[in-house]
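What follows is chain A paired twice: with chain B in the first complex and chain C in the second.
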Partner chain A sequence: MNAVDYLQFVLAPQIVNGLAIGVAVVLVALGLTIIFGLLDVINMAHGEFYAVGAYLALALGAVGIDFWLLLVLVPLLMLPLGYVVERGLIQRVFNTPDRHVSTLLLTFGLALVLEDVLKVIFGPNTQRPPTPIKGAIDMFGIFLPTYRLFLIVFGLAVIAAVALIVYRTRLGAMVRAAAFDRDMAGSMGVPVTHVYAGAFAFGIALAGLAGVLLAPIYSVFPTMGRDFILMAFTVVIVGGMGSIAGVVVAGLVLTQIQAIASLYISPVWTDPIVFGIMVAVLMVRPQGLFGRIGHA
Partner chain B sequence: MRDRLTAAMTASHLMVAVLVVAGIIFAAIGAATGTVFYLRLATEALIFAGLALSVDILLGYNGLLSLGQALYFGLGAYVSGVVLKLVPSFWAAMGATLVAALVVGIVGGIIANRVRGVYFALITFGMAQVISKVVYNTRALGASDGLIGIPIVPVDLGFITIQSNSAAGFFLVTLAVIVILYAVTAYLLDTPFGRVLIALKANDRRVPFLGYAPLPHRLAAYVLAAVIAALSGALYPMLRGFVSPELLFFATSGNAVITVVLGGIGTLVGALYGSILLTVLKSVIGTWTEHHLIVIGVLFMAAVIFLPKGIVGLVRPALSRLVRGEAGK
Partner chain C sequence: MKTALKGILAATTLSLMASGAALAEDPIKIGVVTPLSGTYAPIGQQVRWGLELATKEVNAAGGIMGRQIELSFEDGEANPSVAVQKAEKQFTVNNVDFLTGTVNSGATLAVGQLAERSGKLIATTVSFADSITGASCSPNVFRVNARAGQQSAALAAWVDKEAPDPKVFFLGPDYEMGRSTVAAFKSTITGLGGTEAGEVFAPLDNKDYTPYFGQIRAAQPQVLYTSVAGNDTVRLLTQMENFGLLENLLVVGASGTVTSQNIDAIGSAAEGFATGVGYSVQIDTPENKKFVEAFRAAYDKDPDLYGADSYGVIYFYKAAVEKAQSTDTDAVRKAMEDLKWMTPQGEKTMRAGDHQAIQPMYVVRVTDGKFTIYSDVSGDEAIGKDACEKF
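What follows is the complex of A and B.
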């Protein structure tokens, strides 16, 4: 096989598939990083919210709601869930001295409960919704599934929209102000409690959206959040907790490393490589590659 | 001198004494009636109590949440399993585990103690993930099957030799090991070394100004926790006859954290009572439904919100006052 063929039939499809996964990982990690950047909360239940999004898509899709409507409907349904969790659970331990530890523990407990609730409602088996866009496209002689291409384009658009909201709107300015100095923002008239709960809900909605988008590719099962959240955490840490740019860069780079490495070594060894990078980054530069929301 | 912290520790000792008496009675009843199942379950609860104890050293005395303590528990189980397959000797397995835990604990401690707070939780989580994936894919360690076919081990105590397949006997051996681990931990944490750790937890910027270097103390606590977790894990293959790679997974670390929070953070004895409570809950709930995680998750969240000192926090303050009252006379 010559170099051009290798590029066309081996490397390029792998890069594009890696990109589809990367965009999805970035969507999940964006929610995590916004929640950490603003609330200082490590949301251990984030992967379960991603699973809730996927199951909502599955259930609503089964009663005949169109996939395109689900892309809007599921994140909207996730918003009140996130709002209630923040107000009802997180705020209860938010002002304790060990905020990091107690909120982490609380969301860890929530993750256990959510996962089992999904098992009770939907059963433990793997289910797979139909692929919304069938077929494949021939691009520059590379054969690519259409849905993955759609996922890349749509995901990048959502990421750009999130960055615009956070950095270019009045709402985003309030969020950044509250992250930088809670009391100061409060005295300038920012409704801090609503901003906190709203940002948490927004992060959850992004996880739900990722669930809708990935359900047709990865199938839906109660523990689906677990494997995925590891990658999302890695991305958030490498990129810098609370940094949006960091999540995008780290998410795309790490998933490419994983995709390309799996061509040369057994795919089971790519996970240790990625986690190894995470441990190395934590040792050398614990704040990650980029700064955090409101601090940069 | 009996200050507040020593009195609390004495109260913990009393609660452990109660547990030991209850354990001996339980073993006697179990041996008389021949109920192997409950004795084995209780032995397992004690082994996991040892793991929870190590989490409490870090969380309760260092303020550092370890989400990867299963790394050392699994290390102990694998080292002990490998040694037992070569030479079926209890002491060789425990000795090899101790050395391995010291070495890996120092290396892991140097890595993990570069960071604090949530980053510590995430780095311990990351290290455990790397190692568990590596072990899971290593054929020489049995890969996904784990180590199987570990022989029955004679535990030679000098005056008596107990076989590891004797349910009541091995329960008592495990009880003895865990109580010794508790005693060593409690002793060390009640020395000036332990007080420096508590001070570091309260205000780590001020401690250096008092003339104490934070890092050696942190590292020592980390290595101590690693050794406790590994020695507890070393008992596992003797009980079950195999080592599963699941012992290294996040679920194991997570269970230990749940145990400590339910039992009571920073109480040490809470790890023992928490593990027993969790085991009882799992088997009781497990008789009606397989969805025990909902109940345990809700209880756990309730403990985080309403009971920051766990179930031990309900009993120990009164006991502690009693101890102090006696000292005042």
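What follows is the complex of A and C.
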């Protein structure tokens, strides 16, 4: 097979597929980095909120609500959930000296509880909502289902919107100010407790949105929260906790590495490679590629 | 003071003697370590249903030698180290006479080693890996379900009729069961004239199979053999359908790949999937009709091979204990070897040489969202060689 054929029929499809996976990972990791970066909370329950979003989409879709409506409805429904979790649970352990340990344990426990609650309500079997956009396109020899193309485009749009909100709006400025110096921001009139709770809720809503988008591709089952959580944390650490640019770059690059590497080595080795990169980054540049929100 | 002490001593001895006499009415405890959570939870659910249904029937008919059966469940999480911990608990704390329910082949092998050390017997009703009654056989481990070798013998014979001398692509989960099922089918189909077009082992719980699609497309196989299970099957088949890879491809797989637990989620992508199984709801024996009716009445769901074989293991144990007239490990083991007992699939024989059950095998295919029997292979044809050298 000559070089051009190889490029077109082997490498290019692999890259495009990797891009679709990469956008999925970035969507899940985006909420995590905001929570990590701003609140300094290690949200081990983030994967479970992704699962909650998917199950909400499943349940509401079964009653007949259209997929396009769900894209807006599910994140909106998850906002109050995230707000309540932050104010009710996380705030309680937040102002203790060993905050990192206690929030980690708290969110870990929350994850276990959520997983079993989902299993009790929905049963242990796998379910799958129908694919909203059927069909596939074949461009330049690259075969791609239309829904995956939609995912790439919509995902990039969501990422751009989040970046816009965080860096170009007053709301975003308040969030970044509170992350940089909580007391100073508070004394300047920023309602810090609300900003914290709102940012957490926003991160959760993003996780829920990822759940809605990915449910038709990856199907829905109680332990699905574990699918992305490890990869999401890796991406957040490599990209820099709190940095949106970092999450995007790290997410897309790491999934590309996985996609292309699986052409040449046994697929089980692509995970250790990615985690190895994470370890290397932690040793050489612990703040990640792009540093922290408010501090970047 | 002394008389009070004597009185207490007498009372204690009397109550101990009384409980000694009551031992004959003590329940027979069967421990179950099965995944109640995680990827294989749907399988654990069928195992539970099968065991509970059989236990209810046996207890209603008087139990085993007059003693009622008591089941105690622990969650093995399809993880060998967790399963061993829970099995340890069952043997030492719950004092079970017999253990069953392990699903993951790694868990069965690990718990089997524990059973040898504890002097107890276990039987698996799900694990496919040939090694359990082959290279890694154990005198304390029995298997009542069909193993990978039996499934692939039946399936390969049928595939060769459908697509003579096919190019086959293999895709399995990267652990004991995945590798052994792929190896078993590969050796059988190449023996009949097939060729290997490629082989990939994806991690268990892999969510995205698209990185392998380029390879599959390039290989241009006529047949795809896969041994993924549970959620992994849903993702593999639906993603393949989305990418147009299912057209002109005969997809076959291990028994556990597509079952009543995940077939709804797979939807149209499951159409045409064929597998060799030891059980189908459509098996036309009076025992099976009775069993399916009772199962549907109790649980409002069809039984699958895990439910049927778990139902059968209770009757297997009952027949062995009645033949041995005891629950002592060595006596029961001897009774189990070469034992014939009745199951929904007809009469099975437990081969003494390797503790593997011999039974007729069927090829079933998904047609309009339901499994239909396409052909069958006799027990002796499908059983294969006794590869166990340890006893």
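One rule holds in what follows: the second predicted complex is superposed on the first by the 296 of 296 C-alpha atoms of A that agree within 3 Å, B and C clash if a C-alpha of one lies under 4 Å from a C-alpha of the other, contacts with A are read in each partner's own complex, and residues count from 1 in each chain.
In the analysis below, contacts are C-beta pairs under 8 Å (C-beta built on N, C-alpha and C of every residue); 3 or more make two chains touch, one makes a residue touch a chain.
Model, not experiment: these values are computed from the prediction.
Of the two partner chains placed around the shared chain by superposition, chain C is the only one that A:Asn17 touches, whereas chain B remains out of contact.
Of the two partner chains placed by the overlay, chain B and chain C both lie in contact with A:Asp271. Of the two partner chains placed by the overlay, only chain B lies in contact with A:Asp98; chain C stays clear of it. Touch criterion met: A:Leu230 reaches chain B, while chain C stays clear of it. In the superposed model, A:Lys119 lies in contact with both chain B and chain C.
In the superposed model, A:Val249 lies in contact with neither chain B nor chain C. By the touch criterion stated above, A:Leu282 is placed in contact with chain B alone, chain C being left untouched.
Judged by the document's definition of touching, chain A residues 116, 119, 226, 266, 268, 271 lie at the interface with chain B and also at the interface with chain C.
The touching residues of chain A, counted against chain C in their complex, run 9-10, 13-14, 17-18, 20-21, 116, 119, 124-128, 130-131, 136, 143, 145, 147-148, 217-219, 221-224, 226-228, 258-259, 262-263, 266-268, 271.
Those residues of chain C that touch chain A in the shared complex are 37-39, 41-42, 45, 174, 200-203, 205-208, 210-215, 218, 230-231, 234-235, 238-239, 242-244, 261-262, 264-267. Within the complex formed with chain B, the chain A residues making contact are 42, 89, 92-93, 96, 98, 100-102, 104-106, 108-113, 115-117, 119-120, 226, 230, 233-234, 237, 241, 266, 268-269, 271-272, 275-276, 278-279, 282-283, 286.
Considering their complex, residues 59, 63, 65, 111, 114-115, 117-119, 121-123, 125-127, 129-130, 133-134, 136-137, 250, 254, 257-258, 261, 291-294, 296-298, 300-301, 304-305, 308 of chain B touch chain A.
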